[in-house]
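A, B and C label the chains in the order they appear, each numbered from 1.
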Amino acid sequence: MPAARELKRLTRLVSGVLVVAGLAALVPVQNRIDAENGIYGPIADVLYMPSGGLLGRLSLGNEGLLAAIYWTRAVQYFGSRSLAKQARFELLAPLLRITTELDPHLLIAYRFGAIFLTEKPPEGAGQPEAALDLIRHGIVNNPAYWRLWQDLGFIYYWNLKDYRRAAQAYLLGSRQPGALFFMKAMAAKILAQGGDPATSYELWMQLYRQAENEQLRRNAEIHLTAIRATIGMKQLNDLLARYQEAAGHPAKSFEELVAAGLLRGIPVDPSGAPYRIGGDGKVALGPRSKVLLYLVE
Amino acid sequence: MARIWSITWHTFKEAARDRVLYNLIVFALLMIGASILFGQISVGIEGIILVDLGLSSIAVFGVLMAILIGIGLVSKEIERRTIFNVLSKPVHRFEFILGKYFGLLLTLFVNTGVMAAGFYVALFYQKRSLGPEDLLPLGAIYFILLQFALVVAWALFFSCLSTPVLSAVFTFSIYVAGHFLGDLRFFGQETHSRLVSGVTTLLYYLLPNFADFDVITRTAHGEKISGVLFTANSLYALLYVTVLISAAVLVFEEKEFR
Amino acid sequence: MPAIETTELTKDYAVGFWRKRPKRVLEDLNLEVASGEVFGLLGPNGAGKSTTLKLILGLIFPTSGAVRIFGSDWRDVSLRARIGFLPENPSFYDNLSAEEFLNYAGSLFGLAAGERRRRAAKLLEQVGLAEVGDIPVRRYSKGMVQRLGLAQALINDPELVILDEPMSGLDPLGRREVRDLILDLKAQKRTVLFSTHILSDAETLCDRVAILHRGRLQGLGEIGEILAMGVASTEIVLEAPSPGVQDSLASMGVSAVRTGERVRLSVQDEAEVERVLEIAVREKVKVVSITPVRLTLEDYFMEKVEKGKPVREKFDRQALSRKG
């Protein structure tokens, strides 16, 4: 009976169409949901959790797992270049607090927080106090881990510019088991020349070498570049001053210095773009420069 | 059609009398009761804890129920050979699938109603009076029901393909995996491989995004869920369930019962 | 129009994990079940009986060949409204009662609520489950489950009743009841198709039988024809025949076995039987018994299945080896 076969074919056809069309239709709907949820997507619960301790107790023994999940979200949300523009760094502090309350030995979370919490917006949260709280919590729970002292030192040095305390932190850290030699050296250098670009360069170089993931490495890199640029620009400014003294008037372009034998060629910044001389007679970054000078302010 | 309704109703009757379900409901109610005690540990957050834990209990036990009865939808009928009784009668195969699905959904609906009633009793006991803000958990419960609709549909689909035990395992795995699709997509994007990134993005849209329905914590803190989210999630669930049921029908039409 | 008609019906299953090889479980089955007859499907386990029944009901699909029911293609789901089916070793939902299940079954046929209840009650009565109709089926014994199976097969007042091993799990009383039920169905002019490996049941119930073995049709015929396939021989027992009589018999070529006072004769054809009886009457020899040793279904079956020795030879040996 033809009708029976037709019904079977029709059923197959309709089902197949529904499967394909349904799956395709899911895409815009999911996107709409994602848009509506916004930041709440990856880290909703953090905003509301009263404490990591309570969350840990509720997790019935899975604190480590939860900590890993929260840490993953932190990296996903704050560490991704693709999301960098949308990140609201003010949410980073509570996220890291809960993560480290769930797992006080998650060392990378402390390092991450130390850097991105102190960094000024838009690169970071600009909350050095929060960073200090985090690191102190880390040191309390991991007192012998020398790198946390390094992070503490970093916070005092870089953002708070409290060189005495920074040096103290490095010194204390240098006494912990396994500490590398540079800790002691840094302590001394900071005391002697805190704020000096060369000192800062070394500090960031250590962070660069120790970077545990892409975000941290890249972050250290752009800082190193900026510091190198600063050092280079200072040297160029000295040269400009010498030229002005010698020539009696300020240089308007670097060609003049080349002609005067003070330079071998047009100077380029660490990103490869040529410097220019600004309206105030001092060195400035060229238009094509990728150096983020403001990091070093 | 009347036949689909009959299958729905009798599936419900059969499932609702299942001893295991009673036990699960009792556990859920116990959890809700316990969360009152829990809240008394920390001052100031009893209300939050009750809503948070209470709703989470409903969600977790409901999913367990969904999986346990869900696997009995088709694969158990095939194993126990009760399916011969139905399919030898003038019933279209797709009617069987639809009837079974709605029957199980009805069972979950009723069970959730019982658990929700327990929840509100606990809430009333704790707060002594209920206000309009206490309607918020109903919204969360609606989202939980949407989750159930999805889980059952998955259980039904797997049930057509494999044994009861495997169906349970697969369904549970999908449920867990469906909470981490965002992370999956992120990791795919961060590897600098177009292929991996493409695959993870495909999976992001293909696999069921259960995380969409997680509104319990927000609700516990008194945040309203936007109308857009209600509509969008309802639509998502509807579409996905349609996909799964259609796929189940496709598989089931070709199935032979030795 | 025949109730069921199969044409070159073939079924293969794919066997094996990686490379699927087809296993043929039914080959080129040509069968016709006429309206109103009781048809038996016989064969040892694995012969293809269940396969055939399931192909008719659309539970499995033919690899090739056709099945027509009431003249229509098997795919027509609405045909099943006229069919009642009892699966082998039936199983029902644990938590529903027999009444509820029959109500469910009836609803699937589109019967109205009142009608369903009426028929359910009547059927439960008929199969002897009226007292236990409201307890959950999981507490039923195997025999009770079988009876519920029969009840649900009849809820829709079917023209065609298909039963897969209906006697299995029943005690002799139960089997008698099922036999009576089938005869009852026949009296109501319904068509009954059932499979069994119990030959005596088929003998008493069926108009026609088909014998399946290893997926092939080995034999098909009316019971009456098969059983009348000659009186294989006649056994005549005489009491104390005189030596003279014995000599006459011996000269006729009739084989005889003597046990005490009695002589047991195995006589081949009708004419010889008459002559023996003439001799007995003339010589005033007492005839204790005259028993036609007929071909039973079992012999027919064994021949078809074993394809071994011809039937007749086996008979003589059987007859002669029986002690007095």
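Here is the rule we go by: a contact is a pair of C-beta atoms (placed from the backbone, for glycine too) under 8 Å apart; a residue touches a chain by one contact, two chains touch by 3 or more.
Keep in mind it's a predicted model, so treat the numbers as computed, not measured.
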item	value
Central chain of the complex, centres being mean CA coordinates	B
Most remote chain, CA-based centroid, reference being chain B	C
Chain A and chain C, separation of their C-alpha mean positions in angstrom	85
Chain A and chain B: spacing of chain centres that average the CA atoms, whole Å	40
Intercentroid distance (Cα basis), chain C paired with chain B, Å	50
Chain C, residues touching no fewer than two other chains	77
Contacts with 2+ other chains: residues of chain B	92
Of all residues in chain A, the ones touching two or more other chains	7-8
Complex interface listing, chain C residues touching chain B	13, 54, 57-61, 77-81, 83, 85, 87, 89-96, 100, 104-105, 107-110, 136, 152, 156
Residue ranges of chain B touching chain A (in the complex, touch as defined)	42, 45, 48, 53, 92-94, 182-183, 186, 189-190, 204-206, 209, 211-212, 214, 217-218, 220-221, 226, 228-229, 232-233, 235-236, 239-240, 242-243, 246-247, 249-250, 253
Residue numbers on chain A that touch chain B, as the complex places them	7-8, 11-12, 14-16, 18-19, 22-23, 25-27, 29-30, 32-33, 36-37, 40-42, 44-45, 48-50, 54, 58, 69, 72-73, 76, 80, 82, 214
Interfacial residue positions of chain A with respect to chain C in the complex	1, 3-5, 7-8
Interface residues, chain B side, partner chain C - complex	2-3, 6-7, 10, 13-14, 17-18, 80-82, 84-92, 256-258
